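See below for the structure under consideration.
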Amino acid sequence: MATLGLIEYEDANPEVRAVYDDIMATRKIDRVNNFWKAIAHDPITLKRTWESIKQVMAPGALDALTKELIYVAVSVTNNCGYCISTHTASAQKKGMTDAMFTELMAVVGMASETNNLATGYLVEVDDQFKKPLLR
Amino acid sequence: MATLGLIEYEDANPEVRAVYDDIMATRKIDRVNNFWKAIAHDPITLKRTWESIKQVMAPGALDALTKELIYVAVSVTNNCGYCISTHTASAQKKGMTDAMFTELMAVVGMASETNNLATGYLVEVDDQFKKPLLR
Amino acid sequence: MATLGLIEYEDANPEVRAVYDDIMATRKIDRVNNFWKAIAHDPITLKRTWESIKQVMAPGALDALTKELIYVAVSVTNNCGYCISTHTASAQKKGMTDAMFTELMAVVGMASETNNLATGYLVEVDDQFKKPLLR
Amino acid sequence: MATLGLIEYEDANPEVRAVYDDIMATRKIDRVNNFWKAIAHDPITLKRTWESIKQVMAPGALDALTKELIYVAVSVTNNCGYCISTHTASAQKKGMTDAMFTELMAVVGMASETNNLATGYLVEVDDQFKKPLLR
Amino acid sequence: MATLGLIEYEDANPEVRAVYDDIMATRKIDRVNNFWKAIAHDPITLKRTWESIKQVMAPGALDALTKELIYVAVSVTNNCGYCISTHTASAQKKGMTDAMFTELMAVVGMASETNNLATGYLVEVDDQFKKPLLR
Amino acid sequence: MATLGLIEYEDANPEVRAVYDDIMATRKIDRVNNFWKAIAHDPITLKRTWESIKQVMAPGALDALTKELIYVAVSVTNNCGYCISTHTASAQKKGMTDAMFTELMAVVGMASETNNLATGYLVEVDDQFKKPLLR
């Protein structure tokens, strides 16, 4: 169970409620996930994390679904079960099909495998990649 | 330097050369990266890895660029410097702009941060996510 | 469940009991955690691990609470749920307040985020940091 | 070398310069580290990251040095060479003695060892730790 | 629960059944693990992963048990609970004694500890190790 | 460069020299690696780490070469370049052939790939593995 417990909406102070309200309005949902209720014991981190997430995950040069796929990829690599569950569901909501999910998993697994091979064989960087990607 | 050294094309046996040839033809390049030259000491792993990569990274439900972005995301999370260098360059070649790259990095960093928060606060999975994503 | 099961005090041999006794005496508790009961199948590792922990976690240049906070930080980064549970409780017992805990989590998350950014952007070390920290 | 190169102060736009100025003023230094120059290609991430770091690393329930020690611990666990270099230097500047550093390293290593043992033996959480840390 | 659910033998298409049949025949078992049933939603990944595993885990220069021990070591380091459970059982079936298991865990833990020390102290590679392992 | 620099034999105090002497005698070498010289700033950690390593890596239920292979596997997974270099060399000295090395790498990579798949698909543990491995 969450280390400090979960803060439900009705028990939240105005500062926390304001963040909950913004999460629900932005995501068009009527409740916030346990993640937010768990970190709400630290209203400053709650607010900062939500505002950062909102900024980072908004569509820009990358669309919202692509960002969600990347999020899941990182969560799998970091082995965060909670994050895999919630962000796989979010990705599905944003349009991820089963085929996209299975390809995502295949890429993640393959990348980790070749990461290990490159690391384990102590491969040195090719000269052509030893400079900034200037355009 | 690579643990067993690098096998250059001119020193490669026919089995290894066949893989090098296929890599160069598939990617429309005229040399293979050090990664392949390093693992070529094990022709079976060379062939299996290349064929798996070719299959996994081919466009499908996800396009080739999205797969490359995911690859970079995993490589950053796994902290494989070699892989970050080469796959960032590949992604650029497949159309990744600087703005896409910087957004990719922002998502990766943010995901790791919230992964840590969810893990550290021992957040339990919400009931709604405790079932398969059936359609 | 623990791979080899748990060895309770009454079923332990004298060698294992001696370690259990020392853990309970040192920590002023009347039972040892499952961790020790699980590794007790290997009395040599049990003894070595306990003696190392006792030495490393004793107050020195860093006080006992600071060491416990660092322990939790590493456990979160390594994603060891068991270790997070038990060492967060230990830290609380040694004086960690809720505010200390939430700040600890904020630092851990932030560090992982910037670790990813530094790694992903392939930032080279500044010249000023390329030498030992001589005094 | 940094993927997109480094943006020096004289080449920076006003938005980036404002962040550089605040970093230098806050930290009482006359140049910013490569980290900031590397991510400055993304002024939004630069600003957000700096403001988050400034908030998170400011003394609160934990003092500035303790936070820096935790930062180093996470960076070691995540294996970010750049971050270890710069934050070890920062910690020293904030008062970390050599003895504190060596004890920090000892705790980090010991925590990772026992993390592996708990994970590898599949130790189940003790009943007493299966509840929030309510006060 | 598995993201897309599990595909049981009776519900599997011929392509998936062929892989299940080969797994059962190769391993002399009468059911396949949940792992295979979970990834069977992606028959291409199912087939590729099984064929790769069959090739990689077959006895060669290293015997089957040694390979299984290495597999467990990696799974512990990556913190994959599912993989630790199933591959520890496989290793036992291939001859791993309790004493082998406890020594395996001790080596894994010790390696992670010294990995952290080498990384945290920023130890530079000795000149003698800066060349390929030529024979 | 190593954070606190390296302590050479001629500059070492008697306590450190005694450990260096034991390392050289045990391993039948005439110099110690940088790792030991780097952590020698903390003679207590130096002594404890050496004695633990000596105990853990000694042949027992697993022979010395198998232990070294496991050590390399963990170091690759943890991405410790220094440790990969030195322990690959040690493994070679203890009898690891090139074919053993390449198979080791193949297993490590494959394990990480399937670790990611099991984690990413949120595969639940099969009932048969939910109990201790009692004999």
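Residue numbering begins at 1 within each chain, and the chains themselves are lettered A, B, C, D, E and F in the order written.
Heads up, the rule we're going with is that a residue touches a chain if its C-beta (ideal position, glycine included) is under 8 Å from a C-beta of that chain, and two chains touch if they have at least 3 such contacts.
Predicted model only: the values in this text are computed from it and were never measured.
Chemist: Enumerate, in label order, the chains that touch chain C and chain D alike.
Modeler: Under the touch definition, chain C and chain D have A, B, E, F as mutual neighbours.
Chemist: Work out the mean Cα position per chain and let me know which chain is farthest from chain C.
Modeler: Between chain C and the rest, the longest centre separation is with B.
Chemist: Taking all residue numbers used at the chain E/chain F interface, answer same if over half belong to both copies and different if under half do.
Modeler: Mostly same residues: over half of the interface numbers shared.
Chemist: Nearest 5 degrees, what's the C-alpha rotation angle taking chain D to chain F?
Modeler: Rounded to 5 degrees, the superposing rotation is 120 degrees.
Chemist: Between chain A and chain D, tell me the centre distance in angstrom, where each centre is the average of that chain's C-alpha atoms.
Modeler: The mean C-alpha positions of chain A and chain D differ by 20 Å.
Chemist: What whole-number Å value describes the gap between the mean CA coordinates of chain A and chain C?
Modeler: About 27 Å separates the centre of chain A from that of chain C.
Chemist: On chain B, where are the residues touching two or more other chains?
Modeler: 1-4, 39, 44-45, 49, 52, 77-81, 85, 88, 98-99, 101-106, 108-110, 112-115, 117, 119-122, 130, 133
Chemist: For chain E, which residues count as touching chain B in their complex?
Modeler: 1-5, 44, 48, 52, 55, 130-134
Chemist: Under the stated contact criterion, what part of chain B meets chain D in this complex?
Modeler: My answer: residues 79, 88, 98-99, 101-103, 105-106, 109.
Chemist: Show which residues of chain F lie in contact with chain A when the two form their complex.
Modeler: Residues 72, 76-77, 79, 81, 84-85, 88, 104-105, 108-110, 112-117, 119-122 of chain F touch chain A in their complex.
Chemist: For the complex, which residues does chain C have touching chain D?
Modeler: 1-4, 33-35, 38-39, 45, 49, 52-53, 56-57, 60-62, 66-67, 69-71, 73-75, 77-78, 80-83, 85-86, 88-89, 92, 97-104, 106-108, 110-115, 117-126, 128-130, 133, 135
Chemist: What residues of chain C sit close enough to touch chain E in their complex?
Modeler: 3-4, 39, 41-42, 44-45, 49, 78-80
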